[in-house]
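First, the structure itself, so that you have it in front of you.
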Amino acid sequence: MTSKEKVYPTIDAAVADIPDGATIMFGGFGGAGFPNNLIQGLARQGARNLGVISNNCGTGEGELGLLFKNRQISRVIAAFPGPGAKYFQEQFDAGEIELELVPQGILCERMRAFGAGIPAFFSPVGVGTEIGRGKEERMIRGKRYILEQALGADYAFIRAYRADRMGNLVYRKAARNFNPIMATAAKSTIVEVEEVVATGKLDPETIVTPSIFVDRIVQAEGKRYA
Amino acid sequence: MPKARLTREQIAERAALELPDGAYVNLGWGIPNLIAAYVPSQVTVYFHSENGILGMGPRAKPGEEDFDLVDAMKVPVTLLPGGSYFSQDDAHVMTRGGHLDICILGGLQVSEHGDLANWRVPGAKGAGGIGGAMDISVGAQKLLVTMEHTAKDGSPKIVKTCSYPLTAIDCVDTIITDLAVIDVTPEGLVLREVAPGFTPEEVQTFTEPKLRYSTKVPEMRLQQR
Amino acid sequence: MTSKEKVYPTIDAAVADIPDGATIMFGGFGGAGFPNNLIQGLARQGARNLGVISNNCGTGEGELGLLFKNRQISRVIAAFPGPGAKYFQEQFDAGEIELELVPQGILCERMRAFGAGIPAFFSPVGVGTEIGRGKEERMIRGKRYILEQALGADYAFIRAYRADRMGNLVYRKAARNFNPIMATAAKSTIVEVEEVVATGKLDPETIVTPSIFVDRIVQAEGKRYA
Amino acid sequence: MPKARLTREQIAERAALELPDGAYVNLGWGIPNLIAAYVPSQVTVYFHSENGILGMGPRAKPGEEDFDLVDAMKVPVTLLPGGSYFSQDDAHVMTRGGHLDICILGGLQVSEHGDLANWRVPGAKGAGGIGGAMDISVGAQKLLVTMEHTAKDGSPKIVKTCSYPLTAIDCVDTIITDLAVIDVTPEGLVLREVAPGFTPEEVQTFTEPKLRYSTKVPEMRLQQR
């Protein structure tokens, strides 16, 4: 029996082939569940002109801040870039970064749609606000809705608590956040984990992300928070 | 000297009285975040956080923080028995799908039609940020807004039409301020209660749209009766 | 501290107020995860002219078969009524039952949309087939899609393995199937469980259906399979 | 006496050779359901069942059945190490979202454009039933159909245009029958292999649309080389 090996030996190996111009989803919210080791690996790797899909844009040099500091990012889709996203804000104010602001739940829903083979859906969120501007609007059963498009990416960089070698994932508390949904919406999902366990060690009832959504697994280098 | 209005804590205390027993509740940034401390003892409510928590408990004690368990404001919190964790998309199935009984958000402006503006001051520097407020506003079974009645420059925050970027239209059910409790109804804004020491006429002077009220408007309650 | 009591003393009490004409979702697939005790309670209770949303329509008198035998059902939305659904098939052939056939994944997705506040979505499933007939069609990014509508119900009758008293649910193996998604899409969700445990006894990381989606809990009467 | 075609088991055996190592796979009713038994020993694949199982193992042994662990055909099965359970909607995120590498379904008719009809015989009594085949057909990265080459009355099942109700249009990549392996390509149907003892010309006589083939069409392999 053979099968495709998903476990990578190092963070650097897991991100080695990310090309310039790639679009990458990054999990994490409120300091929890960020793939900080992968982010730092990507900073070392140096890919440029990246598109980022993420709830926010880092805090100082922390989390995604490092990639903005290194000027590796040119396009952002985010719900809340954040006042602490110093490097992002500077480059945004200077007109160097293209930004699409998306309501947080719709950011999730657009990614879920992509992962689920749904190309577009009607949404009540943002009707009559600047989010609805330029979008198709329609009355359905007496209420106003706007049409939102599915959102996919080349890569998802996510953080989980444990993976088995096949790629099944479990998360820890509120560090789950965007990670499971991003895993479904990228061509290739790369996960850093606290611990890689043998296949069969995770209770099949409790697996949150089934292995089918995971392409590369790498042991985090010990740093959970940026 | 102007008369004393309610404090932010008192607004929170009043708002807490709107929580029905057994309700699933989301509290936003600002004054709403103070409300959990004032839930009446005879009432049980379950707090939802849009990053994927239901049954969220109080802030973690110093030294006991778990930074994988934070609320939507990045504050380390706790989980009560019966709480659960889920992904952010499932958290927003709850917001947008109408599963939350009551949500309480802060506001920059509320219009007489119940439009809410609470995410961006026009002309502010930076990119701004929407967060979860838009999803919460459209989905809440009941949406309360807690805020100061007037802006720092004295201008009314309850307006005929919002001039700030909107969060959602036609979404606010009740406004609770340092001067009044006001219900948004199809007939317009109805003044339900006034802050101690204020008359309906005084509250009207701080409010752009016309308020409807009966001859006798009760004082804002601060404790459950 | 008080709070709304969700645990009902008996199956009959849990279904006592279901009115004639109600639309009800029923979980279950392939014999697993059917709310057989609730179904039997509904048969005793006698509500008529019911609308049913379910993957299938029973096997003989088993599962939903009992309600068809009793002629309590007049409308069905299903993916696979099933050759063993004797009473349904007889009444369908006699023109006594209105049926909408829906592809299985789209049945799920329409319910999920309802639960998620999405009124309608574009779907690749059924394009060019009789499922697409009469539905709005649109090209999106070069592919054909049809518009599907959200699907809700008055009640969901579901089966779980364990509930705590607050209504958090865990399921068992493939008996999970339609149950979690139906819980999100009904005005009132009634769950029969193998065991009701004290609140706090379920690991919060492993809860599949959070309590917010559950309205009534009742101990199953011992019969797991119909 | 007509020449012997392949058995259903041999069709399954041939189809099993199309499974790449590491693939996530869904097998439908009929001949596809026989394929799991023929996966070459040097290949590992993961079986998906649309009722919410990934990493499904063989049928449960008599006496060891767990009726909460059944496949999409209601048959008690087992779970392999690394398997997982999830809800039916998540199972169809996998089908429709393009996450399954290869799916193999039975067929009533396949057209030269790759349209598939496999859920209902026209004029049949009863309501019929779609099940999961439509979601699987549109979403599979690669869709194989295994079936007998001709119907019981001898009429071709590979046709110019399906006359039976369609499951999905333009979805089939490869057809494996008791007579041939045929690829659906933009240029039409390409005869890749023929059953032992049959010539391409003979296969053509059992097939309505024109087959393309080179002068030397290899015999159907039944074992991995």
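As written, the chain order gives the labels A, B, C and D, with residue 1 at the start of each chain.
Criterion: contacts are C-beta pairs under 8 Å (C-beta built on N, C-alpha and C of every residue); 3 or more make two chains touch, one makes a residue touch a chain.
This is a predicted model, so every value here is computed, not measured.
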{"item": "Mutual neighbours - chains that touch subunit A and subunit B alike", "value": "C"}
{"item": "B-C against C-D, pair bridged by the larger set of C-beta contacts", "value": "C-D"}
{"item": "Centroid distance [mean C-alpha coordinates] between subunit D and subunit A, Å", "value": "35"}
{"item": "Distance between chain centroids, defined by C-alpha means - subunit C, subunit D (Å)", "value": "30"}
{"item": "Centroid spacing, where centroids are CA-atom means, of subunit B and subunit D in whole angstrom", "value": "56"}
{"item": "Per-residue multi-chain contacts in subunit A, two or more chains", "value": "109, 112, 116-118, 123-124, 171-173, 205"}
{"item": "Shared-contact residues (touching 2 or more other chains) in subunit B", "value": "79, 85-86, 92, 95-96, 138-139"}
{"item": "Chain contact graph, described as a line, ring, star, complete graph or other shape", "value": "other"}
{"item": "Touching pairs - complete list by chain label", "value": "A-B, A-C, A-D, B-C, C-D"}
{"item": "Subunit C partner contacts - residues on subunit D that touch it in the complex", "value": "49-53, 66-74, 79, 85-89, 91-92, 95-96, 115, 125-135, 138-139, 165-170"}
{"item": "Subunit C to subunit A touching residues, read off their complex", "value": "109, 113, 116-124, 140-141, 143, 145, 170-173, 203, 205-206"}
{"item": "Residue ranges of subunit D touching subunit A (in the complex, touch as defined)", "value": "21-22, 24, 41-44, 46, 48, 54-55, 79, 81-86, 90, 92-100, 138-139"}
{"item": "Partner subunit B, residues of subunit C touching it in the complex", "value": "1-4, 112, 114-118, 164-166, 168, 184, 199-200, 204-205, 207, 210-213"}
{"item": "Subunit D-touching residues of subunit C, taken from the complex the two chains share", "value": "29-33, 55-56, 78-83, 88-89, 92-93, 99, 101-106, 108-109, 111-112, 123-131, 171-181, 208, 224-225"}
